[in-house]
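Sharing a structure below in structure tokens format, with a few things to ask.
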Amino acid sequence: MMENLVYIALFAPLVSSLFAAMFGMSQRKTFVGVIASLLLFTSFVASATLAVEVFTTGEAIAVTMMQWIGMGDLYIPFGFVVDQVSVTMMTMVSLISTIVHVYSIGYMDHDKSFNRFFSYLSAFVFSMMVLVMSDNFAGLFIGWEGVGVCSWLLIGFWYHKPDQSREDNPSISPSWAANEAFIMNRIADLGMLVGLFILYWNVGSLQYDAVFAAIPNLDQWILNGAAIALFIGAMGKSAQFPLHTWLTDAMEGPTPVSALIHAATMVTAGVFLVIRANPLFAVTPEVSYFIAALGTFVAFFAASMALVNRDLKRIIAFSTLSQLGYMFAAAGLGAYWIALFHLVAHAFFKALLFLGAGNVMHAMHDELDIFKMGGLKKVMRPTYIYMGLASLTLAGIFPLAGFFSKDAIIETAFNEGTYILWIMLVVTAGMTAFYSFRQVFLTFHGTERYDHHEIHPHEMYKFVLIAMSPLAILAVIAGFFKGGFETFVTSLLPAYHMSEHTHHYVWLLTAIVTLFAVGGILLAYLKYNKGLERNEKLENSFIYKLLANQYYIPRLYEEMISKPYAMISEKFWHGVDLKIVDRTVDGIAHFLYRSGDVNRRMQTGNLSHYLNWMAVGAVVLMVAAAVTAMIG
Amino acid sequence: MLEPINVSLESLNLITLAPMLIAIAGGLIILCIDLFKDGLHKSLYVMLTVLVLLIDLGSVIGLNLNERGFFDVILIDGISIVSQVLIIVGSIVFIPLALSSKRFHEYSYPEFFALFLFMVAGFQFMVASDNLILIFVGLETASLALYTLIALHNRSNSYEAAVKYFTMGALAAGFFAMGSAMIYALTGSIEIYKIAEVLGTRIGETDLMIAIFGGFILILVSLAFKLSLYPFHTWAPDVYEGASAALVGYMSVVPKIAAFVVAIRVFGMAIDLGIEPIRTTILVIAVLTMTLANIMALVQEDVKRMLAYSSISHAGFVMAALALDTTEANTSIFLYYALFMFTNLGAFAMLWISRHKMRRFNNRYDHPYEKFAGFIKIMPVGAVIMGLFMLSLAGVPPFSVFWGKIYVMQAAVNAGYIWLALVMGLNSVIAAYYYLKLVVYMFLKDPIKDVDTIYYNISRPLMVIIGFATVATLGAIFYIQPLVSYIYYMISASGY
Amino acid sequence: MENFLASLFTFQGFAFYLFSFLTIILFWITVMSNNVLYAMTSLASGMVLISGFFFILGADFLGVVQLIVYVGAVMALYSFAMMFFDATREIKEKNTSGAVVFVLGGLSALMLVLMFAAPIHSESIQALYPMHEGVGNAQDVGIVLFTKYLVPFEVAALMLLVAMIAGIILAGKKMDQSLTEMMDEDAGEDEILTQKDEK
Amino acid sequence: MIGLSHYLIVSALLFSIGLIGVLRRRNLLMLFFATEVMLNAVNIAFAAISHFYNDLSGQMFAFFVIAIAASEVAVGLGILIVLYKKHGSLDLDDLATMKG
Amino acid sequence: MDYILSILVFFPAIAALLGFVIDKDSARVYGITVAAIEFFLSLWLWFSFDGSNAGMQFVELIPVIPDFGVNYYLGVDGISLFIILMTTMMTLIGIMSLSVKENVKNMIITLLFLEMTMVGVFVSLDAIIFYLFWELSLVPMLYIIGAWGGSLRVYAAVKFFLYTFAGSLIMLVGMLFMAYTYQSLTGVWSFALTDWYALVLPVSYQMWLFAAFFIGFAIKVPMFPFHTWLPYAHGQAPTIGSVILAAVLLKMGTYGFVRFSLPLFPDAAVIWITPIAVLSIIMIIYTAMVAYAQKDMKQVIAYSSVSHMGIVMLGIFAMNAEGIGGSVFQMLSHGIVSGALFMLVGVIYDRRHTKMMDEFGGIAAVMPKYAVIFGIMLVASVGLPLTIGFVGEFLVLIGFYQVSPIMTILAGTSIIIGSVYMLSLFKKSFFGPVTKEENRNLKDLDAKETWSLVPLVAIVVWLGIYPKPILDPIDNSVKAMLNFMDEKAITQEAKDMIHVAKSTKEAK
């Protein structure tokens, strides 16, 4: 029974994808979206049922479908495990997917590739389910790559758009962004594969339980190596520095995609991996500390870029990046369940935020520049509420979900005695509040800066707004389940308790964070509530430009990696392959041919010369004979 | 006064002489028929020749192994039987090429066929003796007949060819005689077995080394001329170009077999005596021959000329086997030529049927590559067959020459000359280029001139011949085993 | 030197040196002269002198054959050929450059001399077909020729037959026009296969 | 005393003279003379060896060499005649249509 | 069906001969029918194959030249079985998708002959018979490239022929020396592989022989720096030629390594691991970069073939079951995927008569079906899990990791740079706006093309998800081979490097 539920949860999205794919090349058909959403909902129901089951019994459900790869001593099955961690993810993923599917029916209404979109989207959900449910690293890798390729498809969904210069569009084009995302992820995937190899050759298996059971017997350097390699994999998927540039460019995809993939689910896969492999990371403190430090840095770094950005979706993308940093900080510090909690909570409010942004885009005819918006709250009140709510959650205002999860992370940083991290996280929290509300105010408050002749903003379809409501509700209430969640997942994950010392300061800490958050909101309010006052001097300052250009990192990558790579490739082709390798081969042939030409001159046609040659031959042979005889 | 000499007829072992006598008699019969009646069609003479040769072949096969006859002048050992069989078979398969549909000058002479038979007899004498005199006389008989046959084609080029061949042949004859004189001076004998005996006793005299080398070198020069080894090959391309294709095919196989037999007898003996420089010299010449001939063949514009160079190269290939002087190597020589013969027969027959009587393809050549451009479109079957022969010559398995090559290379490997096998292999690659060139022209290019056919000269007998050559080339794998074992048995029985 | 002089004053020695000197001179003229007549005359004379060598060496039969065959037959043939070719006048040849020729010739002479100068002669060699004391050379030769060398002798006959046929047909009238290069008369032979021959 | 070597050396010298002739001559008829010289030179060697070894084989060889030389002359002149008829020249330099 | 292998080998040849009398217009159908029958015969071979038996099956042995030790000796094991299947399948699909207009009959006949030689190579257990088919396979390919190819076709065809021919002749010398050694040790001539296997050679012999075989195989693979014939051959060949070349002919080289080099010379193979791995890595990275620089779609795929063959080579020299088995599987997957990619390029070439990426752009919108199938093959090519491309690549890399982690990481960059050139190809041709007017009305895949590509897609997915039926027999044979190599190796280093799978050890 439960096995069937597992399969339903897993395969319903696949069925949905294949079903939509059948109509992939035909006209837009609403029922495709509806059926896809229903199938996703089925998956959600199954996941939720499983969650209840796991919650009540406290036991994981493991199923093995069949063998996948068996060669030598390697044996990889298609095995799935539904335990506290995976079921949490499953429920979250299927829920948000369902909502995004429903949302997309409205959002993609006018797109002629409507059916194709659902096919991709469901395929993504399937991959994500595989990723979270797999009971071995190879299975995880299947999902890992699967979400990668779906992400590629979805980012590049509007593939027909032409390439633009980086000034006009920082992501150049959807297809460019898609390729960037895929390739960057591949770089990380290599690390992941190496991690798998290390584990396989030292453990002999890729099953989670086998690997974790073997950890105590392994050398520290092997563990470190595996942990680093796996984390490199996680860095790609979760867009950690320096592999972060693809995430903002991925905003070229349709907004539901951003909501589902680049906010709620796929990008958190890296965090999930660290959580999943916690027994490994738990015994590699150096690596873990590095993870935490990197996470903190990314949190701050991304938030700084969000401060000045003008693109509605990019701001949210930076905030996603920043929040992923928080999650890694938590995971790196050993608070796996807190990381997971933040992951889930973040999924809710960030998806909501993106979907809200989608509504705005829909209203503004795909305009994304918040400097060209303003005053939208009059025409799109529900969206305004949703986005405001989500931003408040993101800013970590009590009693919304973000408060509970983020605060816990910051506390953890304090608790671990990593005060630098703590300070940075606190500052970041303030910045988060600032840029979130900068965006809210610029979009919804103040003067209407858009062109009234061309743009007539209107609110999204009702059913879409209704579909978004569960997210809003969850964003509000999720925090209250923190305790329950903790007990649920810590039966699998290591428990994490604040020390006495921290308990002592807990109110103070909370107050500091809240202070920063509120301060950020206030600052934003003062600056942007009235409308946009552009400050030329500020905008021309070095820091502003640095931030606006993402620290010039994309440009750096282009100049230092892409272009040299293309140049070297060209050199290899023309300079080495054609000029050296091939020419050597042809050179031998030409040499022979030319020596043929030289030699045939011997054949003058004149008998006298022939006789001379003959005599030459004879004389040479005789001389040689004489010389040999005299020497020998 | 001398005692009267009594010779019993049995001791003469006349049967050993029978094959040659049959060929000579056949020639005489043809001359007589010509005396009695003029203007008989060439087909009569061709068939008579074939018949005579068949009887000849029968008598050769009937010979007992390792016999001497006629005051030990005639030596019937395995090598001579094998080579006679090959010579006669080669003659049988080549002479019907005379039955082309067009009339060519030489075939209007009954004497042509008589000379042909005399030539065969000459080759037979050459291989069936270890007496340098008989070898020399047989060689000259055959050569003189051959010069005449070339000239009889009766056009400017064929005279030129005959003159070149003849003159160089005369020089080579001088070297042969001089070499023989030197060997004779060293050993007091002109019979190879005896030479070996005496030389074996004199090999230790260091002062004599120069003369010993010199003697063999001079004979090597003359045989190298006959075998067209570098740098004594210069006649070959011109003669091949000037002579008729039918004869060239023959020339590139049969005289060489005869010359190889002599070479095996002379140099095999020398190498057996431990005169290493001779082996080295032969190896050097062989490698030079196969390589340089190959690269010269690369740049040829005419197929027949290319085939001339290629047959030079093949001779070099086989000559290398000779230097190895093992039973396998000697076997491989005959195997190679047996297999090469069929392919060569086919290739030259194809050239022969494409020969236009008068019109040349361009000012210079009869068979330039361009002539075969787009052959596949003009005549698919002809193109496929010609392609087959080319691939066989290039040594692509499983066609006949491949087995010869592999056997020669195996012999080289077995004798410890792996470098030689490698050189052979690489040379095959170079060679493959020019064979492929023809294949490329035939299959991959469009016809240059607007012709419907270039089967100018085809006739049913020629088709039969080509069919036979094709089958023999294709099906080599099926008769290699009996062929190898027969040749090996014969060679080892005669102690080489 | 003394040796040389001593040998010069024996009959054999004197004859040897004389003949050697003369043949070398005469053959030199043969190969160097630009006049066919001179060349041929000196060749003929040289051959006569070579028969002289044969006589000194006791090969009387060979000497006679040399005289008959060479001086008689061969030279006669050459004379006829010379007349046919109308070659009595000076022959203008662009002879191959002297340096090459003389280097090659000189080297080959040097090598051959070196080889022949080796102590080739060995007393231990047993004659296979010894000459008999008191028997005429012709008789000796005859016996060997018609026993041991009967087959080569007959083959030589065949060779001469071949040469004769060759000479006759090559010099014959029929060679004046080439059947090969005549297009007529061919029709009718296997027409089916050659229908598309010519356009 | 005149030894074998004397004769052989004379033979070698004559042979080389013949060779020089073969090499330098461009007129075919004259070239044929040179080949005769070479064969005659060899005959001296044979006769001499025969004499010194008291063996008849050498004389036999020389005898056959004479026969061969005679046959060669016949065939050679036959070819020369057809060539001359066709070309009107015996010069080798005119006889180089086939080359390469 | 004791003679099924002979039937498999000679059925296409006989059919080709009979094909000469078939009418021009019916030749295609004839070809498809024959190839289909052949394919079903090979399927039958698979069904009658005993997957649990690691040794040679369906063995046929007829002495051909007993004095010389040449036998008509055929057999299959798990390693060759699937390559044969792939050969027959790709031939069938190639003929089905044949888009050549001129001389179709000649093409069909040539292809059928080619099929004979290809199957022959993979079933031969006698070195000479192997060599025979090996060389013979060049001829039809020469004709295909030369007769139906692009503007440089003759150059390409001749280069292909001569280059391979050169290598194989050196290999032939190696074979002859091997036979000679066998003869001098046992007194019997034999070219039978199974006999040779039994021969334990001193290391110095092994080194030289390995080198000789290496040159022959490496040129065919083609390994860097012997690869330059391949871009020309692919670039100039007609679609069908590229398909067969990539799918089957290249596999001959790697198959040769598995069949000859490893079991015959285990010690030398171990010594050669590092040089070959270095070459393979150069091959993987360098050619992938060169592929990125290409302007011609077909050239990209051609160079990518080289790069992928590098992976195969690497796996073979991992000396463990994972690596070798993965290589064998990768041969299959590369055959199918690159074959399909070449067919896909052919599709667009038929329509536009150009393969330059600049000429396209936005094709995805015009030809959606085409784009989908291309996309699937693309992800298979870059080794996405659940496609056929992943299994082999993963196994190879995991296998080689045991030999050298650093080299594995270097080789593993293929998953990055592989996706770089493939995605850039896809982006340039399929994405973006439709810029060229001619491209606006391109027809999507027609029935013929669809039906030849869909089976490949199905296989790509099927074997990506459920490779077990293929992996198991390969696994068996490879394990047996490794076990055998381990026993045969004479040096301790070799014994250390050759990893017998634990399961085999336990079974012992």
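Note that the chains take the letters A, B, C, D and E in the order they are written out, and that residue 1 is the start of every chain.
The working rule: a residue touches a chain if its C-beta (ideal position, glycine included) is under 8 Å from a C-beta of that chain, and two chains touch if they have at least 3 such contacts.
Computed from a predicted model, the values in this text were never measured in an experiment.
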Q.
From the C-alpha centres, identify the chain that is farthest from chain A.
A. C
Q) Any idea whether B-E or A-C has more C-beta pairs in contact? A) B-E
Q) Which chain, with its centre taken as the mean C-alpha position, is closest to the global C-alpha centre? A) E
Q.
For chain C versus chain D, what separation do you get between their C-alpha means, in angstrom?
A. 4
**Q.** Centroid spacing, where centroids are CA-atom means, of chain A and chain E in whole angstrom
**A.** 36
Q.
Suppose each chain is reduced to the average of its Cα coordinates; what separation in Å results between chain B and chain C?
A. 27
Q) How many angstrom between the C-alpha centroids of chain E and chain C? A) 67
(Q) At least two partner chains per residue is the criterion; list those residues in chain E. (A) 162
Q | Residue list for chain D, restricted to those that touch at least two other chains | A | 4, 8, 11, 15, 18-19, 22-26, 32, 45, 53, 55, 57, 60, 64, 67-68, 71-72, 75, 78-80, 82, 93, 95, 97-100
Q. At which residue positions does chain C touch at least two other chains?
A. 96, 100-101, 104-105, 108, 111-112, 114-116, 120-121, 125, 127-128, 140, 148-149, 152, 156, 159, 162-163, 166, 169-170, 175
Q | Touching chain combinations (by label order) | A | A-B, A-C, A-D, A-E, B-C, B-D, B-E, C-D
Q. In their shared complex, at which residues does chain A touch chain E?
A. 24-25, 66-74, 138, 141-142, 145-146, 149, 152, 156, 159-163, 173-176, 178-179, 182-183, 186-187, 189-190, 193-194, 196-198, 200-201, 204, 565-566, 568-570, 572-574, 576-577, 581-582, 584-585, 589
Q | Residue numbers on chain B that touch chain E, as the complex places them | A | 376, 380, 391, 394-398, 402, 406-407, 409-410, 413-414, 418, 421-422, 425-426, 428-429, 432-433, 436-437, 439-440, 443-445, 477-478, 480-481, 484-485, 488
Q.
For a test of understanding, state which residues of chain A touch chain D in their complex under the given definition.
A. 600, 603-608, 611-612, 615
(Q) If we count contacts the way the header does, which residues on chain D are in touch with chain C in the complex? (A) 1-21, 23-27, 29-30, 32-34, 36-37, 40, 43-45, 47-48, 50-57, 59-60, 62-64, 66-75, 77-82, 84-85, 90-91, 93
Q | List of chain D residues in touch with chain B within their complex | A | 4, 8, 11, 15, 18-19, 22, 28, 31-32, 35, 38-39, 41-42, 45-46, 49, 53, 55, 57-58, 60-61, 64-65, 67-68, 71-72, 75-76, 78-80, 82-83, 86-87, 95, 97-100
